[in-house]
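Across the two complexes that follow, subunit A remains constant while its partner is subunit B and subsequently subunit C.
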Partner chain A sequence: MKDTNVIEGIQTMTQQKISAKNVQVRYGDVVAIKDVSVDIAANTVTAFIGPSGCGKSTFLRCLNRMNDTIDICRVTGDIHIDDEDIYDRNVDPVQLRAKVGMVFQKPNPFPKSIFDNVAYGPKIHGLARNQSDMADIVENALRKAALWNEVKDRLDSPGTGLSGGQQQRLCIARAIATAPEILLMDEPCSALDPIATAQIEELIDDLRQNYCVVIVTHSMQQAARISQKTAFFHLGSLVEYGDTGQIFTAPSDPRTESYITGRIG
Partner chain B sequence: MTNEHIHSAFDTDLDGVQAEIMKMGGLVENAIRLGMKALETRDEDLAQQVRAADAEIDHLEETINERAARIIALRAPTAIDLRLILSVIKISSNLERIGDYAKNMAKRTVVLSNIAPISDSVGTLRRMTRAVEVMLKDALDAYIHRDAALAADVIARDVDVDQMYNALFRELLTFMMEDPRNITACLHLHFISKNTERMGDHVTSIAEQVIYLATGMKPDEARPKADKTSTARGF
Partner chain C sequence: MTMSKQSLLVRDERTTRRNAAEVRFRTYGLCAIGIAAMALVVLLTTVVSSGVGAFRQTYIMLEIALPEAKLDVMGTRDPAVMAKVTTFGYAPMLRDALLNKLAEQEITTSLSDKDVAGMISKEAVATVRNHVLANPDLVGGTVTLDVLAEGRIDGYFKGRVTMQSAGLDRNTSPEALQIAQSLADAGVIETRFNWHFLTAPDASDQRPEAAGLGVAILGSLYMMLVVLVLALPIGVAASIYLEEFAPKNRLSDLIEVNISNLAAVPSIVFGILGLAIFINFAGLRQSSPLVGGLVLTLMTLPTIIISTRAALKSVPPSIRDAALGVGASKMQSVFHHVLPLAAPGILTGTIIGLAQALGETAPLLLIGMVAFVREYPAPYSETAGLFGEAATALPVQVFNWTQRADPGFAERASGAIITLLVFLAVMNIAAVLLRRRFERRW
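Coming up: the complex of A and B.
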């Protein structure tokens, strides 16, 4: 891993975790992201909002190099996590993804037991020395994901047998089992009922203590409820980025205003 | 930005509550004008009408607050829509207070009609209420047109009202020193003029809401103040 010393950002209050500069993403000839620069703070929930196809998910996927898996996708520009260029050729994407966990729209537990779902990541990254070590890691992750009390008596039953909300929390437990520093969430509640959504939102707020959380959401109310920073994307550009309170009371860009108030932009 | 929501019913709700504000504003303007006319012409019947009409203003404030609460609950307004709802709640409360002051003027008119008139003090009072009435009209125009510049102009004009009040205060003081029999009438006139000065403050507050609504920012300068009678060396 490369060590670079960069002068501390101007925002002295919270430490910047992710720093993206002039990021452009193309799928073949189609430009999906045009020149996006953004600094994302540690221990903060940052929400990406914007209409479908605006590039918010594409940008999120740049942050743990998930776009590498798409052949025609080209990412240019700089993305630094903790002053380290994640697109540097010395960076191993698998190691990067252990540090930058991801949770998807639909809960996608492995067709394995609840225990094995959570143990999978620590196992492939060799994070546990023995069985009892692994049991601790799994319990810890399930506790952090607010799922332990519901599943502690049936860790051997299949993860796919849980309810949708429990499955999503299982996926969050799986993502945090490798002790990541950043959690990326791509519409984690869109397949869940309001109660399960509220539980996940409460969980996201707790996770903020230990992680930098970046969430893509279509629900503006969700962004308003759980995030401290909001970024509005439109047609591949970052239109406005600021404190969530300001974005939802007095946004400075008319396009942000049109979108969040439900007007035709 | 287009002004239409994708949910057209949301627009209907917002238009509805703004229409109520304009209706309330019209009633309050009337109350000031007719209240002053009753005072000037010593018309007790007209004064009674102004007092009775205040009930509708109070009722409208209730309606507006209920509608606003409903919009907050059902539509979760954000940005300009949120500022609109907040401004509607505050402006209706300002208008209600102005209505109360007009009603109070009518109440004192009933007393004043039955005692000897005080030379030309009513003339200064008429200019003062007229200034407030025009300020209110402009503030409501600024509101409906989201005109922050006009709202700022209204705020600047409050100084004139304050100065008229100072002048009237000194004038009434002189009359009271000249002849103690003037004291009752002068005290009533003083309360009316103080209330009119307060109306100006409420209009200023409405204009401040308009600036917040239109720009998302609070008016940056502290507004000019010229009512010096409450400070020791004021006169």
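Coming up: the complex of A and C.
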């Protein structure tokens, strides 16, 4: 926790990337998120913690409008990315999702080759002019995802044949291949063993240089290890949001304290 | 109640009862499978034993003299002129040819010449006439041709007709069979594999030996083409829309329920629909493979839609999320990722739907495909349009033949069933192979 305190100093200077105001999400008649307002800074790892069903994943999925795919889901309130309303009628979610990449809970590579997995995003967004361009993009993305050395000799073999941790890093490579500015991660390590988890955590810390990373996690230790900012969700509302060090050492809300000390959740 | 210490080596009463129940259940299962397997074996052996004869046919090798005086009086060798001699004109030549054979083999008989000529199929005269008209230069010489033996003679060599049954039959006699046996011993009569059964058109009630499945196979093939071309794209497009794009509301629920119900509608209802709409209203030609194909398309669509939707549903949602997450549009995620993964299921469903359509009889009866058709239908003609010429279909041909009096047709019907089963088996094997092939792509 000492590390995070050191980083805090840098992070106060960074500008804010995502700004959410009074966000409310309903699934039919059920309110999943109540009036959440939060500002997320660029080049920061922001962790969402909270007990199961508290709405942290739902909120995360609002940030790239993945909730649009659920018929009964209604989102109200304002979410701005770089001062642009992402729920504006003129915003095409397809463009938004190229800018806001997402990594899911379970590694979900396409049943295609490793190369095609990473190349798919750049291909549909027309990011590569030719074959060698594409090869560069793929190599870059795999390098950033710390997977290049393990797979460079077998880019044609199926992505589904990799180990769980490798698959998840492949999914991260796939997400960063479209050159997003924000990376959303929905419990990316929950299906992985401790070693793979450590690799991914290290990777997330590196990714902070270039991306605004928002991560949902069940593990408080993980949040403490990798994030600079932490938001605690409980029963659909944002209870407390602040610097990670402060949340874990001196929470201001009694519910936060109960949760991090293991009394609720 | 005291809990006495129970040894693990002794089974208590509960365990014994549970084990007995399990053994009983397994026995029931084995019995069920045994009964099913036995029924299948009985079915197949009956069909094969009564139908395998249709694939063999008895021929008589005749050297037929073709006198110019009878066939081409003017000496023009012009088929158009020679066509004036009808099949009746050819009958005596065949009779003489067979009588010559008998004399050659020194077979004497008490049968009249007419009865001897009766051993040759009535179809043979037409065969010879067509052969002569196609090769006019043969006139004036002698031609050696294998002509069909009459159905009873044919039946004798396949074991269907015996001396006893021939004695009771007005159409043949034990003497004729004896002659046939002597001719067979001399190598004049021969029973061999019958390609004609698969290629020849249907024949009239009197000549089961000449009847074939050519028109029926062609008709079925045309209909399958129509069904494939219409039902596959419409069915797959409808399922993709319903499964991936349509909003889930009362209307889509209603459509879904109706599609499931349509799959259970008796097929003859589709026949009435086809009769009313395609023939009476739209004015398409009856008995045509086009109308048959349209009716079968309607019948197959629910099957294809249901299996395609099931295949689409079985694609894990995480794949859709992954595609949408990197910024693919809904359509890209469906066509790039979901559809290829669902392809094996869709293919299997389609082929099963086609197989179902191939074996369907009832709706075809209503749109006139039960007609007696001897002309091979052309895929396209000026007057009838695409797939518009009258045809029959395999199952209808079976239905047709089972209704005829001559026992020769019973054998043909079983042969047609074997053919149908072979086609169905081939389609199902193709479904399995295609499925394997597509699934192997990791």
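Operating definition for what follows: the second predicted complex is superposed on the first by the 251 of 265 C-alpha atoms of A that agree within 3 Å, B and C clash if a C-alpha of one lies under 4 Å from a C-alpha of the other, contacts with A are read in each partner's own complex, and residues count from 1 in each chain.
The rule is short, and it goes like this: contacts are C-beta pairs under 8 Å (C-beta built on N, C-alpha and C of every residue); 3 or more make two chains touch, one makes a residue touch a chain.
Quantities reported herein were computed from a predicted structural model and do not represent experimental measurements.
Engineer: For A:236, is the partner it touches subunit B (first), subunit C (second), both, or none of the two (neither)?
Structural biologist: It touches nothing on subunit B or subunit C.
Engineer: Is A:263 contacted by the first partner subunit B, the second partner subunit C, both or neither?
Structural biologist: Touch partner of A:263: subunit B, not subunit C.
Engineer: So, does A:158 touch the first partner subunit B, the second partner subunit C, both, or neither?
Structural biologist: second
Engineer: Does the superposition put A:50 against subunit B (first), subunit C (second), both, or neither?
Structural biologist: Neither partner.
Engineer: Tell me the contact category for A:220 with respect to subunit B and subunit C: first, second, both or neither.
Structural biologist: After superposing on A, A:220 lies in contact with subunit B but is clear of subunit C.
Engineer: Please name the chain, subunit B or subunit C, that touches the greater number of residues in subunit A.
Structural biologist: In the superposed model, C touches more residues of subunit A.
Engineer: Under the stated touch criterion, which partner chain does A:250 make contact with: subunit B (first), subunit C (second), both, or neither?
Structural biologist: So A:250 only meets subunit B here.
Engineer: Counting contacts the way the document defines them, which residues of subunit A are shared by the two interfaces, the one with subunit B and the one with subunit C?
Structural biologist: Residues common to the subunit A contacts of subunit C and of subunit B do not exist here, since the sets are disjoint.
Engineer: Which residues, counting only subunit A, touch subunit C once they are in their complex?
Structural biologist: Residue list for subunit A touching subunit C: 64, 66, 69, 71, 94-98, 101-104, 106, 108-111, 120-121, 124-125, 158, 160-161, 171, 174-175, 177-178.
Engineer: Show which residues of subunit B lie in contact with subunit A when the two form their complex.
Structural biologist: By the definition above, subunit B touches subunit A via 1-7, 10, 76-83, 216-217.
Engineer: Give the list of subunit C residues in touch with subunit A in this complex.
Structural biologist: 247-248, 316, 318-329, 332, 336-337, 341, 441-442
Engineer: State the interface residues of subunit A toward subunit B in the complex, per the touch definition above.
Structural biologist: Residues 220-221, 224, 248-252, 254-258, 260-265 of subunit A touch subunit B in their complex.
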